[in-house]
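Shown next, in structure tokens, is the structure this report addresses.
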Amino acid sequence: MTAVLQILFDALAVGSIYALGALGIALIFGVMRLVNFAHGDYIAFCVFAMLVPSTDVVAIVLIGKLPAILLIPIILLIGAVISVLSEMLVFRHLRNANPATMMICSFALGFVIQHVLLMFYSSRPKAINLWSNLSLPVEIFGARIPLLQLLTIIITFVILVALMWFLKRTRYGLEMRAAAEDFTMARMLGVRANRVIMTAFAVSGLLAASIGLILATQTGVADIRMGMPIMLVAFVATVIGGLGSLPGAVICGLLIGAASVLLQVFLPLDARPFRDAFLYSAVILCLLWRPDGIFAPRSAKQRV
Amino acid sequence: MKQPQSVLAKTISTPVILIALLVVIAILTALFGSGSFARTVTEIFIRVAFVVGLYIFIGNSGVISFGHAGFMCIGAYAAAWFTVPPMMKKVLLPGLPEIVSNAQLPFLGSLVLSSFLAALVALLVGLIMMRLAGIAASIATFAFLAVINTVYANWESVTAATSSVVGIPMVTGVWTSLFGASAAILIAYFYSISRWGLALRAARDEDIAASASGVDIYRQRLISFVISAFVCGMSGVLYAHYLGVVNPDAFYLGITFISLSMFVVGGMSSLSGAVLGVVIISAIIQILRWFEKGIDIGGLTLELPNGIQEIAIGVVMIVILVFRPAGLLGKREVLLKGWPFKRRTAD
Amino acid sequence: MSLLSVRDISVHYGQLAALRGVSISMDEGETLFVTGPNGAGKSTLLKAIAGAVRPSSGSISLADKVISGQPPEQTARLGFSMVPEGRHVFGSLTIEENLRLGTGIRADKDRIEGDLETVYEVFPMLAERKDGQAGVLSGGQQQMLVIGRALMAGPKLIAIDEPSLGLAPKVIDQVYDTLLKLRDSRGLTLLIVEQSSTRAMLTGGRMVLLRGGKIVLEGDARELANDESLRRAYFGFGEH
Amino acid sequence: MADTLRADTVSVSFDGLRALSSVSLDVPAGRVTGLIGPNGAGKTTLVNVLTGFQKPSEGRVLMDAQDLSGLAAHKIRHIGIARTFQSGRLFGDLSVLDNLEVTGVGLGLRRREAAQKAMEMLEWIGISLLAETIAGSLPYTDERRVAIGRALMESPKFVLLDEPAAGMSEEEASDLIALIRRIIAELGCGVLLIEHNIGLVLEVCDHINVLDSGVIIDEGASDHIKASELVRHAYMGTQIDAEGAIL
């Protein structure tokens, strides 16, 4: 029983980070048909923003020293700002470009962010120590769960609930969901294109920042490439969730995280190093089964 | 009855110009370049071969593939399997089958055989994945790359996992890589003027009309996928023989994204775009590198801080794509009209 | 001064001319039917007014402001509400969310709840399922929803592309009754595209007949409907 | 040569909505069959069923005795049923000659043979001067003729023309009528013409089917259709409606 609980918590903890990432990718894709590869670099940027520029291995925290009540909002704000800035400086000028072009631009932007960080901080991963007492374990129904893991799950859950509330209960959210489904019709009902897109970028940046905070606390490391793997899994989750479906992205993020934990546990020892190969083969099967995504809006009709 | 002029006669100048450009670069390098510059040019030529391989599939089908670095990986490792001295292989890669570990093929033999292996893998996975279209196909190719990377990075007895396989004869230089890049250009050219290339480009523009014209899109995508995997596999072989060592992470996301960027900046629907994208972006990178090292202009030393080069190249790519969203060449090819054959009809 | 004034607009899709020099003008409170066979350019006319397609020449103004070349949200803010061809229901939103989406641009926020009541009264089916996803509605129900949605934006002018397409005759009556009631009680201006001219006859108002992207006949709906020239113009009999 | 392409009690549903209800229709070889009906009647859905782009929920598509239902679109073209599209759908980046060649190579010709046959077809239609023009830059009348040429490559047994006259002037429509008559006389295909220029349909078709709300409501020769109250009703509503007597 406790082992099951342990696995469950592991699966939830990993899955919830992917879910946050997938939501950030899906929001932007919904309103702009843009796969934003820079999203992973926003995550790293937010983490490094806490540090004094230096090439030392041990990070010197700057705003990272602030009490949580100040630090968290500042980092979230930084995430939102960098995301909105990238919309204004880059993506706004590409509204009518084809998806491949937009995608490559987002990749180039991520490349730029990465190398700006590299210039100031060097490529060596840095140890950082945020809220270290969170790694103490707590006991739940006999399972010993690190407090941080528990917090990650709770925080993700809170963020998801807050975001769902935002999307469900506010006008911005309503407009964003409508725009993600049918942008032109939404505009014909008075929804302002620029405002919706900016809001989507801001929220997406907030999500990236929260992932950054969680990851930095969890791993105790700031690494320039820390966002990339999450971004990739999030991207995959968004597509198999059904492009344009926000709940689909969240659920598939959770599922992929859970699947990777379960594979890690249940694969025979010899096969365990090949976990990702199994995972991604499953992704391909999933796409063959439902090419439009598992939760794709059912509006596919006549194609001619 | 007017005879239509043959496609070959109309368009042969394109590959000729592109190859001539590379030959000129190679000659200049041989005459004036330093050893390290020759290495840079070799890398550029290998990259040309890889991106041309991307063009064969992506350019003609319109489906973005993130997976082709996987074929480069397969080609490179196969080259190691076929050319590393048997003594070393038995120690390093004990899991290889007897017939492979006893073999030591010459470069050309390994080139052909390894590229075929990449094509064979493409055929097998393509049979499954080419049923997909659009972004689902792109994700599937990415998943394929992740599978390949995981397997090659962990299959200790056959790939030495994350430790590098050493002992591959370092035979790729400027001329060998020029040969490889030229071969890639010719394969891509002849594919794209073939009936397969025509049918696939039609499907890229209008898939529904292409089906109504009798085109079996699945089959055409598969053919293109296999040929492009062959070329990408070949670029991997060249790369292995250039570095002398292979390591799975050399064929993962880094090379995928930078190559795709060069390809899109050049113009992803044109062979010339593929070649020129690599050449132009690589040239800019090289110039920026020189600036990083410091350049004397009239007694004044211009020196850029380290790391500016990467940032600048990212910015340059964004600026190019903002102003030319279809890439530098768009859908055009470099072409000398009426060369080398005069139009037979004058109307 | 007229509320809507379309002056000599042409619209091209690539090389294809969908509208060739069409002019219409509407006064406040007026009802105008645009009729004609498929492919005449009726839907294109509405899209051009809404700002979803850009005319290649000519100009459009609404309430004395030029709207051609403006983004669609700007036109909506000036009081133009559109029910486009193909309905465009937001399937993942609830019915009530669909209805409320267009209310963001209203100045008279205090009347929103009242209008919502009205829409639910007219289409009780929508009230019954207001928290259900709009995507599961049948075609006819979706048609009611999009008409309700357009009304909720509090428009001065409401344009509807084929309100009766896919609806049962009884429902069509209901839809028209509602529209006319609103026209009379709020001074709403109605621009209705119908392939069939029957409704124009019943409802009255002005009618223009489009064919091949041009206005070929124009006049009082009731008078025109009884005229054999309508049938000839409509089908192009005798020209081929 | 096949004699008849037949839709046999075909029904199609989208999300529970019936787009076609038990529609039967014959397209005989060597004649022009017309298909008309108001917006949303299901005309294009029927064409899609006949050409393999839409699987019928019920019913069959037959060419003589051969059952074609469920075959992929490209296979149906191989069997000899060609079509054009409402929106042209030319391969915009390719030249006119290449557009026709695509059908040639799609049907298994080598590229040189395909080019030869494509050139012959362009000459037959009378647009060989356009051979090298990029299809995306054509005016729409030429676009239609190229699309028809593309469909006629390798002598299909049946050709389905989906609104070929959309946007054409009277004169251009006359040219189209002449072309359709030549297709029948010189190539011997069966033609199904879907068109909203009813004048044109009445002039050129031997037999006309009228589709409304997914059901064939009337059929017959031009004169019958011209006089048909059902047809008038389907398109325009009727006087009787207006008085509220029958609905």
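The letters A, B, C and D name the chains in turn, as written, and every chain counts its residues from 1.
What we mean here is this: a contact is a pair of C-beta atoms (placed from the backbone, for glycine too) under 8 Å apart; a residue touches a chain by one contact, two chains touch by 3 or more.
Owing to the predicted nature of the structure, the values given are computational and were not obtained by experimental measurement.
Novice: By mean C-alpha coordinates, which chain is most distant from chain B?
Specialist: Result for the farthest chain: C.
Novice: Would you mind telling me which chain pair, B-D or A-C, is linked by more contacting C-beta pairs?
Specialist: Ranking B-D and A-C by C-beta contacts puts B-D first.
Novice: Please tell me the distance, in whole Å, between the geometric centres of chain A and chain C computed from their C-alpha atoms.
Specialist: 42
Novice: Where the centres are mean C-alpha positions, what is the separation of chain B from chain C, in Å?
Specialist: 54
Novice: Using the average of all C-alpha atoms in each chain as its centre, how far is it in Å between chain A and chain B?
Specialist: 31
Novice: Give the residues of chain C touching no fewer than two other chains, as numbers and ranges.
Specialist: none
Novice: Out of chain B, which residues touch more than one other chain, so two or more?
Specialist: Counting only residues that touch two or more other chains, chain B contributes 208.
Novice: At least two other chains touched by the same residue of chain D: list those residues.
Specialist: 53, 85
Novice: Going by the contact rule at the top, pick out the chain C residues touching chain D in the complex.
Specialist: Against chain D, chain C makes touches at 14-18, 37-39, 138-139, 162, 165-166, 169, 195-199, 201-202, 212-213, 225-226, 230-231, 234-240.
Novice: Residues of chain B touching chain D in their complex?
Specialist: Within the complex, chain B contacts chain D at residues 1-4, 6-7, 193-196, 198-199, 201-202, 205-206, 208-217, 269, 331, 347.
Novice: Applying the document's contact rule, which stretches of chain D touch chain C when the two form their complex?
Specialist: 16-17, 38-40, 138-140, 143, 163, 166-167, 169-170, 173-174, 177, 196-200, 202-203, 226, 232, 235-239, 241-242, 244, 247
Novice: For chain B, which residues are in contact with chain A within the complex?
Specialist: Listed in rising order, the residues of chain B that touch chain A are 64, 128-129, 131-133, 135-136, 139-140, 142-144, 146-147, 149-151, 154, 208, 253, 257, 260-261, 264-265, 268, 305-308, 310-311, 313-315, 317-318, 321-322, 325-327.
Novice: In the complex formed with chain B, which residues of chain D make contact?
Specialist: Those in contact with chain B are residues 51-53, 72-74, 77-78, 82-83, 85, 89-94, 97-99, 101-103, 105-112, 114-116, 118-120, 123, 128-129, 131, 150-151, 153.
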